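See the structures that follow.
In the two complexes that follow, chain A is the common piece, with chain B as its partner first and chain C second.
Let's turn to the complex of A and B:
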């Protein structure tokens, strides 16, 4: 019996969510919960980037801009207005989506290399605005004073357990939505553009419109990741929008695999775990991380999940 | 923003000369870095994200060579030659394995090298800032041009970079090697079919690029402090210069480097704290209006 792929995905997401929510009931581990909270933000960030890189073939170097935008939009909304937390979060995501639409309108018409550079330039412009607009953003000190952690639906986000539950729910729902986009006819259109843009345009697809829509959606979901990051650090810092942060997302995507939907999530997991592990043993974590990345790039030549897929399909033949 | 200060500066020759020279040395260092970047891209169609590392290592090698020999000329030579060799090694051992694969795979390899060597520098030279100090030969009274102060080292630095620019463009247009390099930039398969060993050619291109970046690092020693992260910031600016000038164009790199240098020099007076932003705005404007850059061929 062939089941509807959408309901299969929903079932899978539900199982993962139930597992995640069940773990703290069975065993409380602050380190694990902390890891999942950080992973939820990173996973949304990396997976949304992969909608551009893996699905559409648009290499953006400036995706961190929307992560930082989401974090600042959320932090400022919470500090300056009396809106409740979910409303502020939705507002921040909506604002980031609009920002992505505007930035995308400028960027998406450029071809590959130049697209990468202009997204990087726009991100760096955004970064310098954050750093120099001290009266609003606190400059390079970041948005301080904390985010008022209000109660929502019986959640108290000051407690780690509730923050964990909130992040797990948002991340799983967000990833499910992205999965839906990626499997939809629109997702197939994007893959067609990636594989042969000329042919796609021959069959009547307006390239810039599809690319702009993908860019906007990806920006919005990166903003959602930024909101979670802002909740976790209880503030927002310029580093969230700096280019090494975009680099992190690119590495998560590349380590996990660009052709598998869950690749970036796995990559984010590997990257976070690696960072934590290495930092515990040596202060020279760049050295170790660099060697590991080299081993991946020159040894596997592709992300982990893509590699597994390759081995799997070879064995099946 | 302080347009009054900017206007006041433009009406006093002394201020114009001082800001223009400080802008020029920034521009000249950027040119040396960007020239290698644009050459490597032009021939190999590879964006060398590890180029800042060459610059940083060149600076540190020169620092040690200067401490050991007490001769600044030897130190500069050591920085440039060491990085030319390092460039060849980098190309042969790492980059040649990812030719033709995904751009992101090349980015990953370069980023790994950046991470590794930032830490190696920390281990060998320490994490703190290092200053090479002005060599004794240049510790003479500054020149005064129209009332503006120009340290003699600045004049020498500008002269060396200008000389390199001339040698590089003449070498590319007149010599046999230069012609081969330009041919390889257009069609490497054909060049290879005509009997040119492109493997060696690619290594030479990386040697030139690495040598120029190392030279820039060594020349920057007396005017800027050395720190393990210094490669990162110059890399970004090097990219901006290559993009504005047009990827693959040496002349474009020169013009763009001077523009960026002067924007920096005068921007510190007119827009203190926002000079970086100003440069990104210039870059975005160029990319929107003329994506291939000022001197680039349309893609």
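Let's turn to the complex of A and C:
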């Protein structure tokens, strides 16, 4: 009897989490911890986008708006209310989910090309609102004054180690939840839509409802990533909600592989590492990044993890 | 289920693809629709199944007009269809295709509470798979199935939704002569066992005359003739417009 796939995934997540939590006990490396904190935000962001791109076949160019929304919603909640940090985080994610529902209701009925355009347009609108609503958001300076660091469950998020632990836990749990969505009957429905939307509607799936639900869930998890990003930068900046940030998530998805659940996580890892590495040597890091992505697109014709899967299954045959 | 079409009309940019068509398909009948290319046969199916909305007319399902209903609603009322070009979910295995279909049919497609498949779905999918004879290729991905098996899978997906009326658009399209007969025998067998109202579009006249109990001939969007195989074979208008042309061509 094979092990139940759900408990296998949970076991895998637990092992990764234990490893992540054990590393700083054995060896403290601020650079590594910093990397994992940023990765946790980016991994949630990219993996949630892939629920749309890879699983459903909906290419959204505006996913960054929910990342930014989560960051601002969390930052503002912390500054303006007395809510405790976990409650504020949950509240921010809930708000982002509602925002995604509203935006999705406008976007998901459009055909593929127009869907991509309008998500981009809504994002630019949102970005403009952030920049111009100075009294609330601080405009292009970002949300200043920091996020009041409060203690939760013995965590002091002012300390890098505790922030690292918090981000690792949230990211692993968030990814596990996204994995569950992707493996549920609903996740399968999304793959049916990607494979053959016409057929899917002829077996009784209401396409717009399925797409809207996917868009809403993806937005919520992007918001969760945004909360972590806000904790890391201790504030929120318009750049988090700007379109190049959506582009980063798309890069991560394409680099890592759209047909593997962990592809976007790997892609986010590569992208962050590349950014760090290249920035050390040249200011033209966009140029280097572009070349790398071209190499992947033209050379492998797929993301890294998808490529590994392909080679693996060919060898197995 | 009884299907009755009254004065159905559909135009595309001034061209009347279906022009005042009235046809009745009694419950449990096995009917063929024939006609030259561009006669409006597939459009006719699209109008019954709800892929297109008719300009005017009625589509009665057991006397209830379903013309205003969406394709999903019509499917729920018991209209199933398979497509001219086999339409399945290419990245999934045969079993996964059918599990997906039965899950949707059971109304669980938006379920997030557990992993796919829902309990009982695998068994139901396997039943359908055995019924159409795809068990040998259960774990093969749909996009690498043979052409004939893809057509069968398409029909199996339709059957998984437990239709009362089944529309098959050229079930033997693109097959060799032997394969065609095997396919049509399977179609006939499932019609007998499931007691469906089955309507199929077919170009192979030998098959049509042998299998169908009644035949409708469409030509330029109109009903040219209807009747038993013998009546159609001897109908002068049909010979002129269709059968004759085919004999000359071959």
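In the analysis below, the second predicted complex is superposed on the first by the 317 of 317 C-alpha atoms of A that agree within 3 Å, B and C clash if a C-alpha of one lies under 4 Å from a C-alpha of the other, contacts with A are read in each partner's own complex, and residues count from 1 in each chain.
What we mean here is this: a contact is a pair of C-beta atoms (placed from the backbone, for glycine too) under 8 Å apart; a residue touches a chain by one contact, two chains touch by 3 or more.
It should be emphasised that the depicted structure is a prediction, and the values quoted were computed from it without experimental measurement.
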Partner chain(s) touched by A:289 [first = chain B, second = chain C, both, neither]: first
Partner chain(s) touched by A:183 [first = chain B, second = chain C, both, neither]: second
Winner by number of chain A residues touched, once chain B and chain C are compared: B
Touching partner for A:196 - first (chain B), second (chain C), both, neither: second
First, second, both or neither for A:205, with chain B first and chain C second: second
First (chain B), second (chain C), both or neither touched by A:5: second
Which of chain B and chain C A:299 touches, first, second, both or neither: neither
Chain A residues contacted in one complex by chain B, in the other by chain C: none
Residues of chain A touching chain B in the complex: 53, 59, 106, 110-114, 116-118, 120-122, 124-125, 128-129, 132, 243, 247, 250-251, 253-254, 258, 284-287, 289-291, 293-294, 296-298, 301
Partner chain A, residues of chain C touching it in the complex: 49, 51, 71-72, 75-76, 81, 83, 87-92, 96, 100-101, 103-105, 107-118, 157, 160-161
Partner chain A, residues of chain B touching it in the complex: 47, 94, 97-98, 101, 103-105, 107-109, 111-116, 118-120, 122-123, 236, 239-240, 243, 247, 273-274, 276-277, 280-281, 283-284, 287-288, 291-292, 299
Footprint of chain C on chain A - complex, ascending: 5-6, 180-181, 183-189, 191-192, 195-196, 198-206, 209-210, 213
